[in-house]
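Have a look at the structure below before the remarks.
Which chain is which? They are A, B, C, D and E, in the order written, and residues in each are numbered from 1.
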């Protein structure tokens, strides 16, 4: 199977309008992935499936990833007018910048015919709130049908072109997407007497009046 | 017996899926408007034969199925969010609860993924012990499958009881080794938790030697039986192209004629050292899936035999391998093995801390269910029950 | 003996009348079955066992099923016996009464019954020889008609929709 | 010939019918209450705390409330509160002991991770499976007194494992005394001027690390008492 | 009064043989003549109910014990020694269980269905000759009476299915009707050659026709003649289907429509259905024994000293064991396969058998070489259609050979 770099170049040559970039992987597994701009995702996918050399006819795994807004602390060099008539003084100032988060979908492609893989595709959504649509790859590989529904259900990524986009694990009336990092677990579930402090504290916040029967009273 | 008119139930959903060119059987029985009485029945989730909490909303035209929507999620406990909240070692006992029939292969898949993520070497003896336990788990799983499938065909429990009798013998082996029959929590990163004793290996040897005779008797009861053949041959036919495209893996894929077995394709662990064959079917119907699993069990017996003979000495786990405070470098890895039900894979993304930032389980039952509707269209309710049985799903793995 | 016959007559008549009056279709179909059993009892009382059991077998076993299937398939189980407007009921009642009167009248007044006591029961073997002998042609003709009716029924009931393989 | 498979099937069931009267491999039913199951030694159910002697369980608990098991327990069902004062343990060294040690058996899934990560062999897996409680909350919450069981009981349920653990602990104790004796001899042989006697006495040099509750789990846990004795990590 | 200590002249008047009749005479002896036939009839009804009631009770236990042992487990052994009190425990449970009748159900029919079903399966037992002259009702056309009683069972299953007003039971009721009607035909057709050969429609006549042994060893039972064996096979398969037993227990197929037409029944009515199924099975097996296995005839001349009703009992239990054995081994047939098996295999086979029986009756006086030819022709007339029809039935099915993937 050709190396990720060669594959990237071939894709860039073939699909000029689509941005294809390599995503390095720090772990010794060496599974480098290709991030593809959402616009041309389905054409690239169909090419990868039908290309004779690659023949990636099985999309084995579709995963959602959530990277929330991150506070990035940067040191910014600024030149400020120094002493009157003297050279400008360069001072460093720490500045916190909010890097906008995004949702990401990862496809692991394998070839059953050629017995090679994985080629890993990644696609990012605009942001985490309104621009969350990505083209669905179910028309290319049927195996994505349920897995994309699961990513929609647990992450909130809307797949355009999916034949039957509904929640698959949670019940339809469920609000929210549980796998997101900023998901707050509702605390109205039935109270559990686990002795662990944090759970107890949450329970006491919820039932401030009654000191829950049977809870472990911290020793005097 | 009247039913709301078909159009109201959104029945006219037309499957505009490009996969049509792949021999996908568009429902030849798509009901024309007002085509007689349609009976909407939901099989499950408390149906005796749905293998756990799983529901199928079926629309019947007379005796034939016109539409089938699987509904699950009843057993969803957000296993993957739990994985993000616990350490790498802490997730190991949770993997027992995925496909609760084969905790040994679940553990191995997770350990393989973490070893790939952190680059941990595995000791020689542990590789052999892992193969032995995986093949024992495969025997156990396929025997149970045959038992449940025949129970769905209507046998009053006899094949199921024979299957469970043999399964108990294997579970006793797991219990005397790992401490628990089904929740073994046995693999560690770089090896196994306990070194199997000589008595345990001798007990495994006797079990393996006796298993061939049990399979012969089991096949004599079932495989040649005309009623079994009549009920299962030609039912739920899965074309090879659709199987590959729909991500179907494991015995279901091989029954459709595609010789794809990760033990040969990926060659993980020490499988390349054993010579064994991969049986494949021709029609991809329920009978082929049953027979491919039976033949696969015979191959597993030969693998077990070779592994038991070739088991090397040496440590079962490198004492210096970090288990508790494991902090793999930032990066990601996707590791997969050939579980009894198909390709079970773990996708782990680490950011250098003690907990993974993403812990994804690729469950074979979940993906194999994608084509349940395509297989059942045009068949009767009795066939749909058998087709679901032949797919061999476990809800712990489907819902996660 | 006549007392027995009178009781049996009642056993036939009551369910028949009830069958007409009762609103639920399925109930009326089942009441018919009772009426047929009453008829079979008549044969028994006269001593013709073979005819009685043949009658019971054919009617209770077969014809009742046909009636029930017909009722089920045409009007699926709803009690929709709408009361016909009163004018029609009167007319219907009149026609029914006149029919019954003419039948009863002809059988009681005009036909000459040879005698009142029951004739000695025909032994079964003799009955068999009679059927195989002089009445053979009649027997074969009846058989022919039944087969034709059977095949006709099958053709009519053949599944209307051109589907893959016709079921049973 | 039609029916050959059916006859074969009947033959198999007949063989099993006859076989179940004399073949132990076929007739495997154990009638439970009358016939108690023969548990393998490795069998594990809920954990229990090991105390050195049976007469004073609270006094001789091996647990030093290092809270490693509380952190590592996947379902978070162990709750420990450290004691304020110290108490001499088996080797005479003053150690912290757990004032509160509660396990919520409604949450515990008996996965034995706590046994695996405990550096002091203070917690082991029990084999008692017929447990019942009347109340869902308090009844399933086992506190320190209910969890503590003597080492003799540990020998009874896991004989080989217990033997290895005891032999390893004895070896450590011997090494500790031997090192203490060496330190004392070295001190006696070359008396350093003006070295406060107390400091010498206080430096125990004992191999047993007194974890100051620091959360940095430096020690790599011995995998399991069963495998060959793991080298004891150097004192911090 | 009862002496006959000397060796009996003929087996007919052996003391043990006449015991039931002597008992009856003893009991009704002191009554005035007018009442005697009525009390005798009552007595025979009581014995049939008692014997077959107990048989039903212990057949449920035998079924669960044998099924258990086939599946290598003990079967019920907690109530009483070896579980012998289990049937009574079940009966008490059935009686004490709450009898829920769905509100939408049609009360009258819902109650009537089990009652009619049990009554019909009991009525059929009146004409079965249990011993040498132990038959409750002596009728000229008793075989026809038996099948007339049996024909109405479909009616009550339909009533049960329709009356519970539940989608599943209605589907199951329709399936049950299709099954029963398609198996009524082979059942009757397989009985006709026996009547033709025996020359009479009365059960006692048929059993008498099977008396005697060729060379004292080979009994004249119908089942031991080629056409008889085939007719016996067809009869037993049809009997399996009529009593909704294993390969054909479609109506209450657990894995599909929950409990079929029994979904809405509970408590004692459910137990009644259960009882009706077993009594129906016992009645059909009893008729099978009468028609094909020589009723109360002993298999060997020398074994005549054992009383006739004991022979009848043993043969009946043997057949019931066969029912249980088949239930333990075979899966269930689908509704279309089931009806195809009847119309495309059993009915043609039974028709050919009719011809075969007729030939057998006509050539009854052939002996010596002609006798052998007679047997060969009859055997051929059984084997050839069996193979031809069998091949057409299993067209497309068969064991398969599997290949292995190239490494």
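Operating definition for what follows: contacts are C-beta pairs under 8 Å (C-beta built on N, C-alpha and C of every residue); 3 or more make two chains touch, one makes a residue touch a chain.
Keep in mind that this is a model prediction, so the values were computed, not measured.
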Could you say which chain's mean Cα position falls nearest to the mean Cα position of the entire protein shown? B
Far-end chain from chain B, centres as C-alpha averages: C
Which pair, D-E or B-D, has more C-beta contacts? B-D
Can you tell me which chain lies farthest from chain D, using the average of the Cα atoms as each chain's centre? C
Just curious, how far off is chain D from chain B if you go by their C-alpha centres, in Å? 35
Chain B-chain E separation of Cα centroids, rounded to whole Å: 44
Centre to centre, by mean C-alpha position, how many angstrom separate chain B and chain C? 60
For the pair chain A and chain D, the C-alpha centroid-to-centroid distance in angstrom is 41
Two-or-more-chain contact residues of chain A, please, as numbers and ranges. none
If I count partner chains per residue in chain E, which residues reach a count of at least 2? 70-73, 328-330, 335-336, 394
Going through chain C residue by residue, note those that touch at least 2 other chains and give them in order. 77, 167
Give every residue of chain B touching chain E within the complex, in rising order. 1, 39, 41, 47-49, 63, 150-158, 161-162, 165, 221, 223-231, 233-234, 254, 259, 261, 264, 277-282, 287-288, 291-292, 295, 380-383, 385
Residue numbers of chain E touching chain C in their complex, please. 106, 108-109, 139-141, 144-145, 147-148, 151-152, 154-155, 158-159, 162, 174, 177-178, 181-182, 184, 200-201, 335-336, 339-340, 343
Per the touch rule, the chain D residues reaching chain B in their complex are 2-6, 8-9, 11-13, 15-16, 25-26, 28, 40-44, 68, 72-74, 109-113, 116-117, 125, 217, 220-224, 226-228, 230-231
Could you pull out which chain D residues touch chain E in their complex? 1-3, 6, 9-10, 12-14, 16-17, 19-21, 26-29, 31
Using the touch definition from the top, list the residues of chain E that touch chain D in their complex. 66, 69-74, 325-326, 328-330, 386-387, 390-391, 393-394
